[in-house]
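You will see two complexes here that share subunit A, one where it goes with subunit B and one where it goes with subunit C.
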Partner chain A sequence: MTSQGKFPVSRRGFVAGSSALAAGTLGFPAVLRAQPAAVKVGMIHPVTGFVAYNGQQSRLGGTMAVEDVNKAGGIKSMGGAKLEALLGDSQSKVEVGVSEVEKMNEQGVAAYIGCYQSPVGIAASQAAAKYNTPFLIDVGASDLLVSRGLKNVFRLKPGFGVCVDDGIASLGALNKAAGGVAKTAVIVHESGEFGTGTAKLLAGKLPSIDIQAKELIAHDNPTRNFDNIALRIRSLAPDIVMMSNYGNEYMLLARTLYQQKVNVAGFFSILGGGFNYKFVKEMPDVAQYMMDVNHWFNPRSAQAQALKKRVEDGGALFTFEVYLTYTNVMLLADSLERAGTADKEKLTAALASSTFKAELMPYGPTRFVNGQNQGGRPATMQALKGDIEVIAPAEFASAKAVFPKPKLN
Partner chain B sequence: MNVPSSWRVPLLATGIAAALAYPLLVPNYLVTVGMLVFFTAFIGQSWNIAGGFAGQTSFGHVVFFGTGAYTSTILQVTYGWNPWLAWPVAMAAGGAVGWMIAVLSFRAGLKGSYFALITLAFAEVFRILANSVPFTRGGLGMLIKADPRPENFQFRDPIWIYYLAFVLCAVSILIAWQLTRSRFGARLVAIRENEDAARALGIDVFAEKVKVLTLSGAMCAAGGTFYAQKYLYIDPSIAFGVDKSVEMLLVSMVGGAGTVFGPLIGSVALTGINEGTRWLAGIVPALKNVQPLSLVVYGLMLILIVARLPDGLMGLFRRRPKAVPRA
Partner chain C sequence: MPDPAILLAGVLNGLLAGGIYVLVAVGLTLIYGVLHIINFAHGSLLMLAMYAVFYLWRLLGIDPYAALPMVIAGSFAFGFVLYRLLIGRYNHGRDENILLITLGVSIVVDNAALLFFGGDTQTIDVTYAGSFVELGAAFLPLPKIISFAASLLLCLILGLYMAKSDTGKAIRALARERQGARLVGIDVDKLFAVSYGIGIACLGAAACLLMPSYYVTPSSGHAFVLVAFTIVVLGGMGSFVGAAVGGFIIGITESLGGLILGEQLGQIGISLIFILILLLKPTGLFGGAR
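Then we have the complex of A and B:
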């Protein structure tokens, strides 16, 4: 806050000055002062609420990365300064997310990482912009996040625009190789910004690969019964069903379509929130042959495989939230290393000029344009025999796609 | 516990002075928490006027909130209006929706739980409409461009939005207080206590109920615009989501429905519990990874308040009848 009325000293300045004076008077031993101060990283995720599992997975990845950076000696250019994670719960609410930003700002964070849901990310990063604090979007698909001209917002992963483009290219290639079996599609999406935006883009671009969208079906969050939607899809008899929704709804819809024996050439989702190891392990029959264009780790990266093993040994699943938040902490650590300071302006500049190599991800070189990494790209995966295989891009592929899928009995 | 009448003015003056001084003394985070307290109290009071004073319990008050939020945002983003000018139009729109719902519902003779459910249905209809029509951008939501200037109804320093929320809350309390002193308010209480008896006394029950829902709708819509300007993004789930209706209802019930200060007291208690438990979960190492515990504590305290204080927290301050000595 700036100074008010006749008071030449700001409220915060007064508090900071008093603290400094008190510290000086008490005279801490020089040895303690020599310890570099920890760099505080605010991690805001929905660890309660309807996407709590996803938020908890992000938190897991973030805290593991902080641990790894600290074990490796911290930020060397800052005298080995350690990272300190401040953990916040957005409760899936915009107001609470913003409140967390304010709280963490008082605690002196150098940067924020979050927020999983785009609306929360939009408002929280806006709040962080007031303090010029860098905000790294780890998960959050909306392209609005990086199209507002905010200098403090960075997103390493691709947004839904790129995912749709890559998904269309991938589906087009699969369909062509299969002799053009798919001519129609039904798109089922969650009714928020991410699902609606993705669905609209898809509907507009499907004709370019000779597929027509028969209908776009929106559903709320949370939805706990998909019977009506499954029956509607069956009556429309599309060749493929495309989905864009959050985890629980994705899995429920997939299971309902399986139970209702909806026979199509393929299920192809763009950013299907539930397409992960949890899904394929818990419902292998339902998941079999389903395809998804999503964030995925590079299966050929030894570092990614090692992290996957560590996560799984700890009893958790290696979902995209884990390695996206992990990678964002690494990006931040790399930028702090290059900036040599936690000064917000210098850190923002270091992030903006970053050429960070995202070891875990199948990305090209990092290059931020208006906060969006141009090297970020999704992978196309398919669930095959209780596992998830990458089927595109070819240089990272671990299996050959099965399309069209065999008919259900 | 009774508050002697001679204490009321000094207490009120102290409360106002404390509220005005508060943001100058605390960090921004607590300023934001204070803003949330007054804002929630304001939208809670809009519910309280219809649900508490007039007994027209609504489960879908968010329909007015969303109407206000969308009206001012559309006028601003699509038509380039200044948000300050769009604000009264948004209030008028909220009032008009209140009038429409009241006329349709009360003419059909809906009351009690039927009225509560029809308001919920209206809120859902508006949410689905906002999701479907192009001028709201459907599920994509509407983003207000960040341009933090006071003339733009955006403030760089949270202290100003805090004071604005304080003023809104104070105005809503004045309206509620006026209801306790006016004939209109007396007629509403009569309707709440016994609609047939009120009609027998010559009160135009239909007209009074329409008036109060129109007033309540306009107030709630003002809260919608305030929210949109504070967070700069709305979508159908945020603007018409049922959780906002619950929030309005809850602060009034916990604080004391049908009382002047009930929503404010309820908001202080609920926001305090929510923020306090989250803060504890953040600083106590044992609670750091069990953040949902804060919601459990929140729920338990809510159960305790509702179970032990059926008149809400304001019941603590009410004069109780003296016990009649046994013969």
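Then we have the complex of A and C:
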């Protein structure tokens, strides 16, 4: 059956239509051929599970960065190739993180960024090593991540070793200025690779600043109740309590210590997962005077302040996950630009020789040694009057530290 | 071994924690007693109730304790409707289907919560959060004391309701003999929905009592469910008194285990109780007396 009678076509119309068809069939393929293939970037984060919030924050930073790179014209040395984010959910589980690596490899991923949790990052980057695919650790504290001799793994941020060293230096300086009021500490840590590794390093290095670790208390994730830990701490009567745990447990522990009137000279955390703007604003009494050694943006960077405004205008918090993943996408884009190709070996070599300037971070020049950036440094912060102030290093400090903190009534 | 004063403080902490466990377990045991299924959606529905408490506080400024009647009523209605529209309608008369449906509900609710509420940790900061009662070595936070007392009172009210009211008697009859209850004219389908609703109302109450000292995320409800399962098995599946006694035993075991063996090994006590009760008295402490 035809419908010729219903759609009469004039000669002029036929010519116009034929021209358009010719342009469509002949012209567009030419345009399409001119578009370089997108560079696929695998972003693996725990967007569900017990650290879902942190994973979602990382994903937010990563997708914003991809958007910014593409808006700025993509990778110019590759003919303006766009970045394409492949989003993976590790579900806070090691095996799922690894399966995301395999899945993305089949989709032709050029590099991975992830994974927030150290155990997931360790296994996922190992899986990526089979394919020689570069793996950028955006968040992941364990130093095991970069000490296995894997050539494909790069970490821009400092690991817990550097954070502990800087934390010990900060605490030592504070304690010295306060006349050495702190002589003993109790360390409360989550029982995984991150918390246990950090706690062991701390316990070994505290004596160098004349503080003895009285006890290391491990807890699971999640922990329903910290009452007994608070009780144990009160019975040990340390001068300071040191913490190293993920967000929910950090917050619950802090609140329990406040409720149980644990009266010490200071609470000092290394990579405290819950130490952020939300915590200090929603629980200002609990957070007051708490200190944390953690990743922090450069408050003097106009680019960091502009990104902070964009993130906050969108209703999200400018947490370290956001700007660390954002910065890692920028590092990857910079390396692609220099390599001029997404070829894995050339991209790995470009990353290894990178001198990328991490504009958002208070870092020195990027220089990777065995995959670890030597310029990455944490900052020491303190919650003061419902806000977070940088108290060290001195060149970025926005306030003077209060230590020892006033005793509770 | 810790100092006796510390141990006593540990027992008190365990009792306070047990008070909340009791409410979660009572809801679970009631649903099991009547419907003969494990409600796999228990943790997810607890989380949903916790979000309700959080948003009532955040948006309307309603104190979690003042929200108790509202959240209990809302949770009952939610449970009743959920049973009527989904569980009761699609189980096709098979208990194992109910189990699968509640598992499905759990997955949907968890992911919907992540989608709508985000993964962020939400807390309620009440003015009395820092108040406490000093009892020997123990500093008992006021919110936990209130929660403990309220939990006991609610369990007592529920126990009386089940013992004295016509609906309570009908539910108990239904739990004992489903066919017999139907023969004497009890509207079995409606009572199933009512029982499920009461079980979820217990979660609503637990949510109000938890929020002043705990937090909510899309996965936070599950932290309490494993413990509630252990309590139900310990007390006897379907036994109210068993759930109450079991709740306190588990609370104290967890607390003392944490103090003596350390926080991680302390959880062994709960698992040991679970294994021992299955080996020595599989019907639970009060299972036979139902």
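One rule holds in what follows: the second predicted complex is superposed on the first by the 381 of 409 C-alpha atoms of A that agree within 3 Å, B and C clash if a C-alpha of one lies under 4 Å from a C-alpha of the other, contacts with A are read in each partner's own complex, and residues count from 1 in each chain.
We take it that contacts are C-beta pairs under 8 Å (C-beta built on N, C-alpha and C of every residue); 3 or more make two chains touch, one makes a residue touch a chain.
Every value quoted in this text rests on a predicted model; they were computed, and no experiment measured them.
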Review point. When the two structures are superposed on subunit A, do subunit B and subunit C clash or fit side by side?
Key: clash
Point to revise | Which superposed partner A:N228 touches (first subunit B, second subunit C, both, neither) | key: second
**Study point:** Partner chain in contact with A:V47 - subunit B first, subunit C second, else both or neither
**Key:** both
Check your understanding: Thinking of the overlay built on chain A, is A:Q303 touched by subunit B (first), by subunit C (second), by both, or by neither?
Key -> neither
Check your understanding: Does subunit B (first) or subunit C (second) touch A:E193, or do both, or does neither?
Key -> first
Practice item. Classify the contacts of A:S353 with the two partner chains as first (subunit B alone), second (subunit C alone), both, or neither. Key: neither
Review point. Which partner does A:M283 contact after superposing on A: first (subunit B), second (subunit C), both, neither?
Key: second
Check your understanding: Of the two partner chains, subunit B (first) and subunit C (second), which one does A:E95 touch, if any: first, second, both, or neither?
Key -> first
Practice item. Look at A:A218 in the shared chain and tell me whether it touches subunit B only, subunit C only, both, or neither; answer first, second, both or neither. Key: both
Practice item. Considering only the touch criterion stated at the top, classify A:S77 as touching first (subunit B), second (subunit C), both, or neither. Key: neither
Revision key, fill the gap. Subunit C stretch colliding with subunit B in the overlay (listed: 9-17, 63-71, 99-107 or 153-161) is 99-107
Revision key, fill the gap. Residues on subunit A touched by both subunit B and subunit C 47-48, 52, 191, 218, 220
Exercise for review: Please give the residue numbers of subunit A that touch subunit C in the complex, ascending.
Suggested key: 47-50, 52-56, 191, 217-220, 222-225, 227-232, 234-235, 247-248, 251-252, 255, 258-261, 274, 278, 282-283, 285-286
Practice item. Write out the stretch or stretches of subunit B touching subunit A in their complex. Key: 24-25, 27-29, 31-33, 36, 131, 138-141, 143, 145-146, 148, 156-159, 231-233, 235-238, 243, 275, 278-279, 281-282, 288-289, 291-292, 294-295
**Study point:** Sites on subunit C touched by subunit A in the complex
**Key:** 2-3, 6, 9-10, 13, 16-17, 111, 114, 118-121, 123, 125, 129-130, 132, 137-139, 141, 143-144, 213-215, 217-220, 223-224, 227, 254-255, 258-259, 262-264, 266-267
Review point. Any idea which subunit A residues touch subunit B in the complex?
Key: 1-2, 4, 11-12, 15, 47-48, 52, 86-89, 91, 93-96, 98-99, 102-103, 105-106, 119, 122-123, 126, 129-130, 144, 148, 150, 190-193, 195-197, 200, 218, 220-221
